[in-house]
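Structures given as structure tokens follow.
In the two complexes that follow, chain A is the common piece, with chain B as its partner first and chain C second.
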Partner chain A sequence: MLKKILSNYFFIRLVKALVTIFVVATFTFFLIRLMPGNPLDIFIATQLAQGVPLQEAQERAASLFHIDLSRPMMLQYLDYLKNLARGDFGVSIISTNTPVSKIILRFLPWTLFVVTVSLFISFIGGILLGVVMALYRNSWIDQILSFLASIISSIPNYVIAMLIVVYFGVKLKWFNIAEIRGSLSPGVKPEFSLYFLKDAFYHAMLPIIVYVLTTIGSWMLVMKSSTISTLGEDYVEVAKARGIKESRIMTSYVARNAILPLFVSLAISIGFVVGGSPLIESIFVYQGIGLKLSDAITTRDYPVMQAIFLIITASVVVANFLADLLLGVLDPRIRTSRN
Partner chain B sequence: MKNILISLKDSLKIMMRNKVGFIGFLGTIFFLLLAFVGPYLMPLNMKADLNSIYTGPTIGHPLGTDYQGRDILMQILHGGREVIYVALMAALLTILIAATFGALAAVAGGLIDTVLNGLAEIIITIPHFPLLLVLASLIKFKSPTGLAVILAAIGWGGLMRSIRAQVLSLKERDYVEAARVLGLPISHIIFREILPNMLSYISVQFILSMTSAIYAQVGLIFLGVVPMEQHNWGVMITLAWNQGALFNSRAQWYLLVPITIIVLLQLSLITMTRSMEELFNPRLRRGG
Partner chain C sequence: MATKHIIVDDLSVEYLGATKKIYALQHVSLDINRGESIALVGESGCGKSTLGVSFINLLPLNSRITSGTIKFISNSKEIDIFKTPTSELQKLRWSKIVMMAQGALNAFNPVMRIRDHFIDTAYSHGWKNKTEILNKARYLLKRVHLDSERVLSSFPHELSGGMRQRVLLSLGLLLNPEVVILDEPTTALDILTQRNIIELLKELKKEFNFTLIFITHDLSLAAELADRVAVMYAGKAVEVGDVYDIFATPYHPYTAGLITSTPKLRGESTEVTSIPGSPPNLSEIFKGCPFYERCPLRSNVCINSQPKLTAVEEKDGHLVACHHASKNTLEHIKQGDWLSTIQ
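Now for the complex of A and B:
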């Protein structure tokens, strides 16, 4: 019986995740295919204007968008889904003959690298500071940290990025902006060497600082309130009454329980790692997937745009699914109740 | 009329109790005036003046000039209307959609509830900024209102779910039951019994929706996917960034002025929410 309910909870979550991915894939297909002035029509029109015969223009469009125009719309849609399932996103319009999947593999690792490192630093730092704030709540430490956390969370991250570049780069000249842009210095190739790692971190440094600064505040505040509510639990009182050392109560009783709800948020945040931030990446000209997305949009490279968007969404969906599972494992009350 | 004035005075008094919140409130009023009265204070003259490029602050140009010698103060005065209009409209529409769907789902239940909830879940899951970028490439955001509609159309998910949850729990309260037993009309129950209890939450969410609309709007302008008027604060930041604020330290003024405006506007809005909570939540009021 219990096992049945358990599988039921996971099953519902799985169906929800799949439906979301399916809806997004369908939505992008019909948006690109059916909108008035849609990219397909525009592409064919430009080809015609360049003197390409209609038939050939349609063939080119078909091969680019992986859509066979002679077939009925529903069959085209099925083809599209079939290609997606095989991980075939078509070819880029701008860099001719380059498969979209290849482009994604080139840009994605940089975003994953920067955002994962930032998320790690920000999560750990936020947890530690949050516990400190909860322990010394209403002291000057707590007040200063709370104030800073709420201020820095309300400033747009791209503004912080610009201020860092202008103040520390242009004004104080702590680093050379022209040199630090991009994800690697010219001539440096990805390899297992100290030299490569040093260069990668040198270029990733500024985006990491910005991500950490703009996300650490909310981790701090959430951890603080979680810790404060845990401090009031009965088992903490009991532990005190049993005369357990204060430091041990803090680490094994309070912090361990207070951190639980944050792991679920962490799982959700991991989904957003793939998307990175088009804004931060474009300010630092960091060659990640977010920059590629905004490039694809300005150059109207629809297959690339569509694929990146799908991947970003799918990773958030998968992360949410994992977070739900994690929540179900951590909190038995959730998986036993329906919905 | 007199009653309204008295309650206005009382409201101000309550808002003043939270110092930080009140400063935020004053800041918000200032930016609203700047955006909507500002354009009448100084005529707009976007003609290039090549003799006064990047002057920095002078008597003639208190906030300096841009890369074509145009006054920055003048552009600031004219550049807020669009930004704040989009933020207000987007927040208003977000609240309207979220409140309608949330209340409907909670009251109707059944299939309507399942469908609306599922829709909200999908909308929450899709990362907003990438979605905006994709939409911007397919739909031309021609007007500020159009942009506000899109921002609301993708931003209502989370709010709808919490409004639904609140209505569900308020529905069961004793005083609502009492009103129902008394046979009071459903409109009375919604507008006099349930809604006033959510006013604090909704007003705070309105402000937060404004801040995220400002974030998204300036971000979209920065990536060049939304064409907007040339003196809009977001466009000013973008132009300043692209016109060499990076390498030309004289150009920094041009970048720093609109950035400071945006940051202060966001901070004012966020801090104002503290006073709003006290204003609409009598329990907090007596306690503090």
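Now for the complex of A and C:
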């Protein structure tokens, strides 16, 4: 019995996942402490830049931060692990006395919202367009779409974000940049109402457009090539000879098989949903976890950085694990090879 | 006189390749009789599969039919395959004419159980009753000597090549087709499995009484299964006749060459001979005989005049396309040292 569990595919996967998370957590712990400067230095430097005399800046720092950075690194690490095991991410250094978990709970939902919506639109749209491109390959439709897809997926997302802000915002004035930044308008509270939803979407619109534009191209191209190769499979030919309707062949025989290889990339993307994109959120001043991460990096807020990195790692690992399960459900060949 | 079931008349098909055209079928005419089994034989690339898919008008997108018709006679009505609208063709495919393309080992959708392949096929042709479909499927699977319950709930990858071939045969008989076309059904199988499939085909043909068109490059399989043989060379039918006539008195030197180069496993000699040279390039239209380059009997007439498929004098229904056709061709070939020997 025990032997059976130990050799079970999913048990092995689970152990691997946990080990991965642990290793990454350890590495981030030490790596972020190797970054030049520590929270105190950075705080004092900013105070100095604001014209505060050195003496006073040091006193302020001492009264604000109750951390002892001189404690041996190994002991700090053990503390960190001990707290982590209890589900405690610690307390932010900069926003004194605020638990890290509270910060994450406040910022994470916004990122999840924007990136999930974008990923959904981009994946579905990319798959549909990819199938269309494959079906009408070499037609003008395919040529235009392929061209756009390869151009757009090679432009970095922050360039598109800047372009939107500068061109459509500042130059054409299609929207008011000052008003659209942030994740909600001042005074609007999260609640179940159309008013709130409308406001949330209004603020999320630009980041969503940028994410969709920058990711849809690669979905389109991958789906196109996968569909083209599936169209050439013998079973598609035989299905036609069996007199099965074109629409049924396209869905159950072609698209159903062509989509399988895309699941791994989808899983990885879902994992990264949690991380958002610090650059995009900074450009649009969107109050998501990415923005918080870039703040934490600038101020060397170790506990916050650590927690965010850990969450990103965990979600990538978990998403891969789930994708693996799902792939087993979708592809019987994989299911067999695991038993 | 046998009644005709399919009439191929003057069929030409070309493919648009990346740089050039390929004339895969050139003015092929062939009558297929109801209830017979006919083998289409020829070297790789001679256009057998192209003819095979033409029967159900399922040619690839980069192909064009440049001349000719295929008429299918069902319930004493003549159906012009190339003029039939797609919706009608879809009904005809698999219900009247079953065409099992080359590469049948991958004939099944890898994410669907065998059961769903039967159901999918039957639903597409208007069946409604699932129990009825599955009962018929069970009967047919037993008929090809398979464990029907196990097979029905299997995924394709869980079955061996020989099993898949059998499943495909029983799936082919689901709708009681009039014509069954098999394109190289045994090529990917080992000799023993191959033998079993051939035996099975004979049994099935007896029970279900379909017209069988059997595409192969292996003349010995043709000899075993077919009543009649059509020999193809470079996109043309060069000789058509009863299997006995073709083997005993081939008129075309190519046919004679194929027969003598079939390895004979009986007797002390196991030497294999083959026709020297290789098939011609199909990207040009021949002025003369396509076999000219390799022919031991060639003469100047063969350069500029294309031989037509015509009946031989001595025998009804035996057709040959050769300027030097004669009942002595086989003798000539055996005496000469034309065939190269591979020890």
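Keep in mind that, in the parts below, the second predicted complex is superposed on the first by the 268 of 339 C-alpha atoms of A that agree within 3 Å, B and C clash if a C-alpha of one lies under 4 Å from a C-alpha of the other, contacts with A are read in each partner's own complex, and residues count from 1 in each chain.
One rule holds for everything that comes next: a residue touches a chain if its C-beta (ideal position, glycine included) is under 8 Å from a C-beta of that chain, and two chains touch if they have at least 3 such contacts.
Just so it is clear, the structure is predicted and the values come from calculations on it, not from any experiment.
A.B. asks: If you tally the residues of chain A touched by each partner, is the higher count for chain B or for chain C?
C.D. replies: Between chain B and chain C, the winner on chain A residue contacts is B.
A.B. asks: Give one of first, second, both or neither to describe whether A:Ser252 is in contact with chain B, with chain C, with both, or with none.
C.D. replies: second
A.B. asks: Using the superposition on chain A described above, determine whether A:Tyr235 touches chain B (first), chain C (second), both, or neither.
C.D. replies: second
A.B. asks: So in the superposed three-chain picture, is A:Gln50 touching just chain B, just chain C, both, or none of them (first/second/both/neither)?
C.D. replies: A:Gln50: touches no partner chain.
A.B. asks: Counting only touches as set out at the top, which of chain B and chain C does A:Gly243 meet: first, second, both, neither?
C.D. replies: Second partner only, chain C.
A.B. asks: Given the touch rule stated above, what does A:Leu330 touch, chain B (first), chain C (second), both, or neither?
C.D. replies: It touches chain C, and chain B stays clear.
A.B. asks: Once the structures are superposed on A, label A:Ser294 by its partner contacts, choosing first (chain B), second (chain C), both or neither.
C.D. replies: In the superposition, A:Ser294 contacts chain B only.
A.B. asks: Contacts for A:Pro278 in the overlay, against chain B (first) and chain C (second): which applies, first, second, both or neither?
C.D. replies: The answer is first: A:Pro278 touches chain B but not chain C.
A.B. asks: Using the touch rule from the top, collect the residues of chain B that touch chain A in their complex.
C.D. replies: Within the complex, chain B contacts chain A at residues 118, 121-122, 125-127, 129-131, 133-134, 136-139, 211, 214-215, 218-219, 222-225, 237, 241, 245-247, 249, 252, 255-256, 259, 262-263, 266-267, 269-270.
A.B. asks: Would you tell me which residues of chain C are touching chain A in their complex?
C.D. replies: Answer in residue numbers: 56, 58, 89-95, 98-101, 103-112, 120-121, 124-125, 155, 157-158, 171.
A.B. asks: Quick one: which bits of chain A touch chain C in the complex? Just the residue numbers, please.
C.D. replies: 233-235, 237-245, 248, 252-253, 256-257, 260, 330-333, 336
A.B. asks: What residues of chain A sit close enough to touch chain B in their complex?
C.D. replies: Against chain B, the touching part of chain A is residues 16, 19-20, 23-24, 28, 31-32, 35, 38-39, 150-151, 154-156, 158-159, 162-163, 165-166, 169-171, 177-178, 272, 275, 277-279, 282-283, 290, 293-294, 297-298, 300, 302, 305-306, 308-309, 312-313, 316-317, 320.
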